[in-house]
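Take a look at these structures.
Two complexes are shown next, each including chain A; its partner changes from chain B in the first to chain C in the second.
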Partner chain A sequence: MSASLKRGLQAFDEVIDASVASFFSSCVHCGLCADACLFYTETGDPRYTPIYKLKPLQRYWNQHYTLGGKIASYLGLTTAVDDAELAEWQELIYNSCTLCGRCSMVCPVGNDLTAMIRKIREGMAAAGYAPEDLIAAAGRAVKIGSPMGVRLPALKAQAAHVEKDSGLEIPFDREGAEYMLLLSSMEIMNYPEYLEAVARIMKQAGKSWTLSSEAFEATNTGIQIGVSDIARTLVKRVVDAAEKLRVKTVISPECGHAYTAIRWDGPNLIGRPYPFEVLHILEVLEQFRLQGVLQLEGSESQRLTFHDPCQLVRRGGVIDPPRNLLRMVADNFVEMGDHGKMNWCCGAGGGVGANESAAELKMQAFQRKKRQISELGVDAVVTACANCRIQLEEGLEENEMDLPVLGLTELLAEHLPQREKGERG
Partner chain B sequence: MKSDREKESGAIVSQREETVLQRLRRQGISRRGFLKFCTATASMMALPPTMAPAIAAALGSATRPSVIWLSFQECTGCTESLTRSHLPTVESLIFDAISLDYHHTLQAASGEAAERAREEAMARYAGEYLLLVDGSIPYGDEGIYSTIAGVSNLEMLRQGVEGAAAVIAIGTCSSFGGLPMASPNPTGAMSVNDLMQRGAIQRRPLINIPGCPPIPAVITGVIAHYLTFGTIPQLDALHRPLSFYGDTIHDRCYRRTYYDQGKFADTFDDEGARLGWCLYKLGCRGPTTYNSCATLKWNGGTSFPIQSGHGCIGCSEPGFWDAGSFYEALSMPTAAATTATRAGVGVGVAAGALSAWQNLHQRNGARTGHQEVKLDDLERG
Partner chain C sequence: MEVEALLAWARGPGFEWALLIMFGGITLRLIEIATLGRKRDLSLPREGKGSGWRTIVSRFFSFPLLATTNVITYVAGYIFHLGLLIIIFFLVPHIEVWRGVLPFTWGGLPTTIIDLVTVLTMVAMGLLLFDRLTHPVKRLLSTAGDYLAWTVTFLPLLTGYCTYHHLFFDYSLLLALHILSVELLMVVFPFSKLIHALTTFSSRWFTGEQFGHKGVTS
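Then we have the complex of A and B:
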């Protein structure tokens, strides 16, 4: 057995716990998870049935943790999990799963399949079967501080642009600020208007906030690739910075898995609770709305719909805030057929978007979202996740649909009363 | 001069020409009493009250149907139930009002004359008569275990069923096999339905009225239904009339509230027993027994077993003699765990514990032996 396979199987041993054992034991082979998965519905390939993607872990568990399986492998009736099997499953585990969590919602016996995909990735990564692009992204995240290779000077440059445009200060390393804002590389490079929007909203709300020059990156490649050690390193950077600056709240940006990583996985990874709160930007904006410090004017007359980021609704339960916020400015807001906790994924989450070998498949998976959007006949799609946004933009362009995709925070900022702008120089 | 035999058959004909109502009047039952009976019968059979006049009209004009009652491996308890009432009731009189052409116990004739009456009735009313059967039928060794006038029970039943319009199995023995069929069943006893199912006798519409014995009003109710509508009543899967066997004793028991409150008698002489609490723990079969004892009651509506302080023994259910002690609660196992099962459970628990320990050991070993996965480890080799 190669050293890497041994590492991978040891990782399987580490992740197999009571929940994995009960999930595998209670699966009734009904196949309902297949119809919940857009990779199956859009391709019709039964190999994309979520529970089937877990086959190597299921076989390993059966052979090493069940009486019948132990006897069967002792008698040589089963074959051990090997390199060939893991290689064959790489595509199923990384390319055709966005960790969107829809299968976990429909499982009639309550199996959290998504959590198990996250676990099987631990073994796959340790055994050397993570996709090249994700390994490279993880390398940049650990060494440079951002999976896209964005360094602090790049951020500072963008911040300077924003300061110049808006006349607002973009604070760095301000100790004792109420909020510490995290960004995703995609927002720094592709959507810098997000930073400006937050700055203007914070100004109107009268809240103190800051960026950290030591930890501004929110995305966590360790979660996507399935290496808890790397995920922990990345979470620890944020925790250390937030503790150093003594902030009350850390704001996760418009990025789905970043929110899952820092909000839910983080405390488990570092093994202790945080001394600060973690909120998604939409949760913060909802609080501002309820406090009455988010005052907006004017409204959008164009027909809008909202694409729910999976990690936000299904893994995080943030369902009502985006709707409450949208209704402040949208006269003509329509819901998609499946929305809220049963929304369909854009097709690029969970590392799929960063994985070039999945490029074709993710566009096939996008067909579901495309149909949903065309049915509504909307003028624009609003979302709250930079990753979803890139996929929506790419997908709509590829399908020759001329629709703008808007970030919710930016859309709200556009409706701040104009006099706020440039008040402070 | 007519022979004795011709005189007897002439008597049968003249009796049959009398209607049921005329016969009852002759026995001193008033028209008002008769109508009361009809109303009661309608309500017992869960028919709407408006059906009472229809029953009265039907019974009032129906000539007495020919009934042949065959008794096989039985104790005569079913007949006793019907006839040994404290006072002659309308139920017993309407039973009397049918033309009972053959019944071992009740008929005056004996010997060859008795058998001849049966054969004549069978020939004269072929296809019309009702065949009532009590007692189970020995089927083993070609049925030699019980014969009447040299004819085996099986053969007599076979002949009787041929010309019958319908068959009513009275009592648990003829309905389900009863006591004679209890393990080890030396005579190979079977119920009427068993024999019909295996083709040993012809199939005819069959009504089972189980009970050891059955409630008299149920027997007459079913006959009244047949006379009124010319059809058999609605039956359940075991051929029992739903109007009498639709609910369990338990569901209609006056002690049901105690069951719901969890108040049980633990022995027959404890405080709970004196207070009339539920007899479930003392083995009452009420929850699994379908019958009308709790509503119609016995001895002219006086009481029923549970009211007298003893649990239901489930006498009207199939296989009641082989269903274990009458004094063990239903949900208790009927047999104690054997040493082998105890040992098996012990071995299983030990194997499970060992396996669980081994699993934990493997998992924890992997966790303590965890080596940090570094970037370089993500490459194969």
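Then we have the complex of A and C:
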């Protein structure tokens, strides 16, 4: 056995717990999870059935953690998991799963398939079968501080732009601020309006906030690729910065995976609860709304719908805030057929968007979202995740649908009363 | 005479062995699962209505969530599970067996109803087998274990039906075969996917707790 395969199987040992054993014991091979997964529904390829993606882990568990399986391997009735099998499964585990969580909602015996796919990635990465693009992104995240290679000077330059345009200050490293804002590289490079929107809303709400020059990026490639050590390093960076600045609340960027990584995985990775609170930007805005410090004026008359980022709804529990916030400014808001906790994924989460080898498949998977959107006849789609937004924009363009995709935070900021725009002076 | 001996063995030692293997096997499987343990979640829980208990109940009714193309799985799946429960617990001769092992008893359903339920259950299982052999997803997922589980579940229905209608063989032989087929089911139960009848509760609980921790009902 190669050393890398051994490491992979050791990682399997580490992730197998009572829940995994219960899940595998319970599966009745009914195939219903396939109907929940957009990679199966949009391609019709049965290999994209969620439980099938877990076959190497299921076989390993059976052979090492059940008496029947041990006897069967002893008698030579089953073959051990090997490099060839893992290599073959790479596509299934990384390219055709966005960790969207939909399959976990429908399995009749109650299996949390998504949690297991997250786990099997640990073994795949340890055995050297993670996609190259994700390995490279994870490397950049550790070394440079951002998976897209965005360094502090680039952020400072964007911040300077925003300051110039809006006349507002973008504070860095302000000790004792109430909020510490995290961003995703995608937001810094592709959607700098986001930073301006937050700055303006904070100003109106009269809240103190800051960015940290030591930890501004929240995308956690370690989680997506399945390397807990990297994930831990990235979370630790944020925790150290937040503790140093003594902030009360860390604000996760819109990016859904960044949110689940810092909010739900983080404390488990570093092995202790945080001394601060982590909220998604939409949760913060919802609090402002309830406190009455988010005052908006005017409303959108165009027909709008909201694309739920999976990691916010099913995997994150942020379901009502975007709706409450959107209704503040949208007269004509319509829901998609399956929305909220049963939404369909955009097709690019869980590292799929950053993985060039999945480029074609992710556009096929997008067909589901395309149908959902065309059914509604809307004028624009609102979402709250830069990663979903890129996929929606690319997908709509590729399908020749001329619809703008709006970020919810920016949309809200556009409705701040004019004087709040912080025009200089 | 040989038939009588077979029937006596099936009713006596055979049944005891089957019980022993079933309970021994279940204990082993549950220990295999439970001893793996689970790490405590250190993230701050969100208030919400989700919980393990809730998911245990809600997954009995998971069908409205999924606009599925696979109608057979849902419809035949419900019919055959409910059918089995009705037959096992509400056929008068079965209640007699339960009375032997439980300190309380209950009333049965008329045999004509049980008879109808048995036919429906067998038809549903036939459809599910057909679906398993033809649906691309199920065909890919299926292993020998799935067909074994199907067979040991179907045999008691078939032999029970034949016994009631005195089909093919003499009554005592049919009854002996029926009891033996149930014993086969009991022996296979812990070591096959049939164990889901128990582990589905732990699986739903784990998932429900995990989602509930995040404030999501599942």
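Note that in this section the second predicted complex is superposed on the first by the 422 of 425 C-alpha atoms of A that agree within 3 Å, B and C clash if a C-alpha of one lies under 4 Å from a C-alpha of the other, contacts with A are read in each partner's own complex, and residues count from 1 in each chain.
By our rule, a contact is a pair of C-beta atoms (placed from the backbone, for glycine too) under 8 Å apart; a residue touches a chain by one contact, two chains touch by 3 or more.
Treat the numbers as computed from the prediction; the structure is a model and nothing was measured.
Student: After superposition on the shared chain, which partner residues are touched by A:389: those of chain B (first), chain C (second), both, or neither?
Tutor: neither
Student: Looking at the overlay, what does A:65 touch: chain B (first), chain C (second), both, or neither?
Tutor: Both partners.
Student: If we overlay the two complexes on their shared chain A, which of chain B and chain C does A:16 touch? Say first, second, both or neither.
Tutor: A:16: touches chain B and chain C.
Student: With both structures fitted on chain A, tell me whether chain B or chain C touches more of chain A's residues.
Tutor: After superposing on chain A, more of chain A is contacted by C.
Student: With the two complexes superposed on chain A, say which partner A:362 touches: chain B (first), chain C (second), both, or neither.
Tutor: Neither partner.
Student: Would you check which partner chain A:127 touches, where first means chain B only, second means chain C only, and both and neither mean what they say?
Tutor: first
Student: For A:271, is the partner it touches chain B (first), chain C (second), both, or none of the two (neither)?
Tutor: It touches chain C, and chain B stays clear.
Student: Of the two partner chains, chain B (first) and chain C (second), which one does A:52 touch, if any: first, second, both, or neither?
Tutor: In the superposition, A:52 touches chain C alone.
Student: Given the touch rule stated above, what does A:138 touch, chain B (first), chain C (second), both, or neither?
Tutor: The first partner, chain B, only.
Student: Which residues would you name on chain A as touching chain B in one complex and chain C in the other?
Tutor: 16-17, 65, 67.
Student: Quick check on the complex: what are the chain B residues that touch chain A?
Tutor: My answer: residues 351-352, 355, 359, 362-363, 365-367, 369-375, 377-381.
Student: Going by the contact rule at the top, pick out the chain A residues touching chain C in the complex.
Tutor: 16-23, 25-32, 34-36, 40, 44, 46-47, 49, 51-52, 65-68, 104-112, 115, 263-268, 271-274, 277, 313-317, 319, 338, 341-342
Student: In their complex, what parts of chain A are in touch with chain B?
Tutor: 2-4, 7, 10-11, 13-14, 16-17, 64-65, 67, 70, 83, 125-130, 135, 138-139, 142-143, 225, 227-230
Student: Quick one: which bits of chain C touch chain A in the complex? Just the residue numbers, please.
Tutor: It is residues 28-29, 32-39, 41-44, 46, 48, 55-56, 59, 62, 65-70, 73-74, 77, 132, 135-143, 146, 191, 193, 195-196, 199-200, 202-208, 210-211, 214-218 of chain C that touch chain A.
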